[in-house]
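Take a look at the structure set out below.
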Amino acid sequence: MWMDTKPEVKGANRRQTNTIQHVLNGLLLFTGDMRHLDKYMQDKLFVLQLAVGALRGVTMVILANNPLSGALILIALYWTSPWMSLLGALGVLASMLTALIIGQDSAEVTAGVHGYNGMLVALLMGALSSAGDWYWWLLVPACLGSATCVFLYSSLSSVLDRWDLPVSVFPFNTVIILYLLCTGPNNPYFPHYPSLPPGTLDPNDTDLVPAEVMRGVVLGVGQIYACEELGPSFLILGAVLLYSPLLLLHALLGSAIGILAGLSMAVRHECLYSGLLGFNGALGCMSIGGLCFIFNWRTHLLAIACAFFSSYVDIALGNLLGTVGLSASSWASTIIITLMLLLTGSLATYRIPSDQVMAPEHNRSFRLSWKSGKVTEVESTDVGCG
Amino acid sequence: MWMDTKPEVKGANRRQTNTIQHVLNGLLLFTGDMRHLDKYMQDKLFVLQLAVGALRGVTMVILANNPLSGALILIALYWTSPWMSLLGALGVLASMLTALIIGQDSAEVTAGVHGYNGMLVALLMGALSSAGDWYWWLLVPACLGSATCVFLYSSLSSVLDRWDLPVSVFPFNTVIILYLLCTGPNNPYFPHYPSLPPGTLDPNDTDLVPAEVMRGVVLGVGQIYACEELGPSFLILGAVLLYSPLLLLHALLGSAIGILAGLSMAVRHECLYSGLLGFNGALGCMSIGGLCFIFNWRTHLLAIACAFFSSYVDIALGNLLGTVGLSASSWASTIIITLMLLLTGSLATYRIPSDQVMAPEHNRSFRLSWKSGKVTEVESTDVGCG
Amino acid sequence: MWMDTKPEVKGANRRQTNTIQHVLNGLLLFTGDMRHLDKYMQDKLFVLQLAVGALRGVTMVILANNPLSGALILIALYWTSPWMSLLGALGVLASMLTALIIGQDSAEVTAGVHGYNGMLVALLMGALSSAGDWYWWLLVPACLGSATCVFLYSSLSSVLDRWDLPVSVFPFNTVIILYLLCTGPNNPYFPHYPSLPPGTLDPNDTDLVPAEVMRGVVLGVGQIYACEELGPSFLILGAVLLYSPLLLLHALLGSAIGILAGLSMAVRHECLYSGLLGFNGALGCMSIGGLCFIFNWRTHLLAIACAFFSSYVDIALGNLLGTVGLSASSWASTIIITLMLLLTGSLATYRIPSDQVMAPEHNRSFRLSWKSGKVTEVESTDVGCG
């Protein structure tokens, strides 16, 4: 029996194990959704709550929900370009303040749900602008566009709620396309680069460079924030890892699938290298793989299929919108994810209700405990309220 | 005490005041929704009921609902061009008769709800036709297009009713765009002018003429009926005034906002002068400012925001549809108004249910009495049916 | 009295009549929906059930539902081109297998509802491909595209079910347009012919040849399967006749209306001769005339109106999508049929619920018996559960 061994050594060992366990548990506190932070913040200043909400909002762009990840992402943006990080932060704040002003549910605002669309609008306006960095006039459409997202979010949620669908980035996609259409290609005040269809044949295309393609896989995740540099993209990947390792795997997998899809359609190599073809696949893959569906091998295959669908639809929309110089932004993944959430049949049983979506790891354990809990419920049916 | 003063003078004064009061009350009978007319018409000839419904339908284009305003608008159209007034009247009648034939609710038909889309289709076909006035063949598509609106109206209402949304001018916008697409730019039977994107740079543009811009504000309201002359536009403004002064203010405000939005996007000056950029703003502003929402300072600000949204979306759609020579007609305001009606949060509490929308002044007093009525209801809960 | 005549002759006559009656009844078993076959197949091998379902799926493209018609249509396709029949069969099977794999209701799969969209996708990919017959690489997108239809079907049904609308060929139309956009006009792997807008003026157009136009009416029905030859088109018409003579009449009527609509818009003569303008009208007319609505003179007129709407919308969409080289496929009829099913008012009372739609002749007799049944129900209200 173990009681026979030297107790003081055991105790020391146990204490050491406890410490490691403790530190690990402490570290784990900073991963996932950090729901405990909400409880801690409840009685803090409203401005602080908003700040945490804003950081959460920053990560919602990449389907995560963790304030520390948000801080990492802001650092990554600052690393790419201080001007872009200013725009991004401004976009989050403008849309959150608008949400407060027009009387949206303040719990929703401090949870950050009104931030990510605004951030994306501001970031993309900056990325597509051909007026260069620090063109201060751009702050006007950036703020107004971010504010508009709140109205769209609120309106669309009335419709989509009927099918328990998230509003996702529909507002961002709508506002950015309207902004680009509104300003047109040769606007004297807000000029922007026209987008080229990915399917255009490029006579300068040489043989494919494998290293560049590998780089494109990583950049594909960075492109979700319109970030086209390797270092910051790795930092963004780190932010995803902090939230959920499973999500990170799906992000890279989806991005790679996007590039595969692009290769099969012979798109311009530039699109592959820059990661522009990867981010819709990444978003599609992340969304289905563990986040909106319980993770198992069937939903994993569905996530792969979703990544392919998103990528092909992105190429299709890119070719269509490119004829009038518009970018397809993330329309493809947004539409495909919405359709996947509407699936009927046996796959629908793995779907997690929109208001219970958390980190994939948590979703999985929650469902398992819920399943065993169901058995308990059935047994204790005379005691419970069921 | 006033009893001491000469009673006969008092009586005379009072009688005079009474007369003025009486006349004013009599005049007030012709303003607003004129609901009392419906009661009076109940046992009259069906043809007369239809005629009143048609006049109501004419005003519904501009979000009013008053047969006298309808007569004024028809006069304004006749003043601009007898051919256009013929087309407009024919459009109203064609769609109302179709509604009767396909068995739509006859109460709805006599209320005029099936008239305004048909009228707009016929008017726009005339305005965009390049075959000149009195091209009799145009009556065929005008009648058929107006009739089609009824089918669309009925179908769309099945869907939109789920969210208590009005069908609004969606049928008109759909039919006119399909007509333009169907006939194409060089049709030998039904030629029409292609539309230019408002964002096209015009090398002939000189400095802005303030007087012309002011004129554009008024014309913006006239353009709702495709009317581009100052006199008739003023008459149309008068028709709005007859229905509701508050609506008139919002119409002019919205039209001015539309021109501001145009200036900020550097559109062609011609669009500003002709009022083409004003009418979406006007419709958006009227709709939210008092009509679909109770009028107060918050909804007034929302109406201004809605006018800006409508105008910018109109420029965006104009630039997009202009690439294939199509006009954006009133898509922008129709979509934006629909989205605004879907808003959630504290703003939604001011919304008036679709079937209770009346003149802004009436809406306001109704809500106030309803609010005080609610208190009474709570007090008398043991007597009432509540 | 007839009892006085020779009984043995009578008996022979009666026996002969009985035999004819018997044979006719036997033949009637092979028409209409052949629901009795389902009962017979219930305990047969699953593969056999799938085969019958696949044949049913083949006919659902043309709104019929009869395995023998399906076999006839496959023969017609083989007659046109063995390559096309291979593609069509592969498309049906790929989508049915996918439906089984992703866990769709297996009763639905064996009923064939997951087959027709996949078949159309594969057929159209073949018909639009400019790589010639037996280009084996085409099987990859054909299979993947067909599989994608199942996902779309499942997702769209979640939304459309709210209004009891059929998913119809929305998945096919979406997938084929995305495929064409994705591959673009000059794809090195999957090249395809660009579509020309029907409204383009053709300087080579000579006078209209009436015989060719008559031919176009028949080809219009064949074009539903992308079949442009007269013999196979007649065979397809035979397949429709086997299912329901009333449907055949509406198919030819609709196709003729499509050509009339084309003439009124002065489209290229080539579109009239090839039947490309007829098939949307045919689908619209068939759908409303007896299939989704009880057949009577009012719905017959509605079917004619629907054929005109479908044809004009097809020309409009063809002109729009043709500017980027896309084909309008059957978007027009699909949208118009959906809108017709949403109609309110007295016409809506003739509508047959989506899950009870059968051959027009059956629908009619069913409704008559249901009507008389209702009377019985009212009488026996104390016995029944009503």
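Letters A, B and C mark the chains in the order given here, with residues in each chain numbered from 1 onward.
To be clear about the criterion, a contact is a pair of C-beta atoms (placed from the backbone, for glycine too) under 8 Å apart; a residue touches a chain by one contact, two chains touch by 3 or more.
Note that the structure is predicted; figures quoted are calculated from it, not measured.
Undergrad: With chains as vertices and touches as edges, which is it: line, ring, star, complete or other?
TA: Graph shape here is complete: every pair of chains touches.
Undergrad: I want to confirm something about subunit A and subunit C. Since they are copies of the same sequence, is their interface symmetric in residue numbering (over half shared, so same) or not (under half, so different)?
TA: Under half of the interface numbering overlaps between copies: different.
Undergrad: Between subunit B and subunit C, what is the separation of their C-alpha centroids in Å?
TA: One centre to the other, that is 42 Å.
Undergrad: How many angstrom lie between the CA centroids of subunit A and subunit C, rounded to a whole number?
TA: Spacing between the chain centres: roughly 42 Å.
Undergrad: Subunit C: which residues touch two or more other chains?
TA: Touching at least two other chains: 162.
Undergrad: Once bound in the complex, which stretches of subunit C touch subunit A?
TA: Result: residues 102-105, 148, 151-152, 154-159, 162, 177-179, 181-184, 186-189, 324 of subunit C touch subunit A.
Undergrad: Spell out the part of subunit C that touches subunit B in their complex, as residue ranges.
TA: For this pair, the touching residues of subunit C are 162-163, 197, 199, 201, 264-266, 302, 305, 309, 312-313, 315-317, 319-320, 323, 339-340, 342-347.
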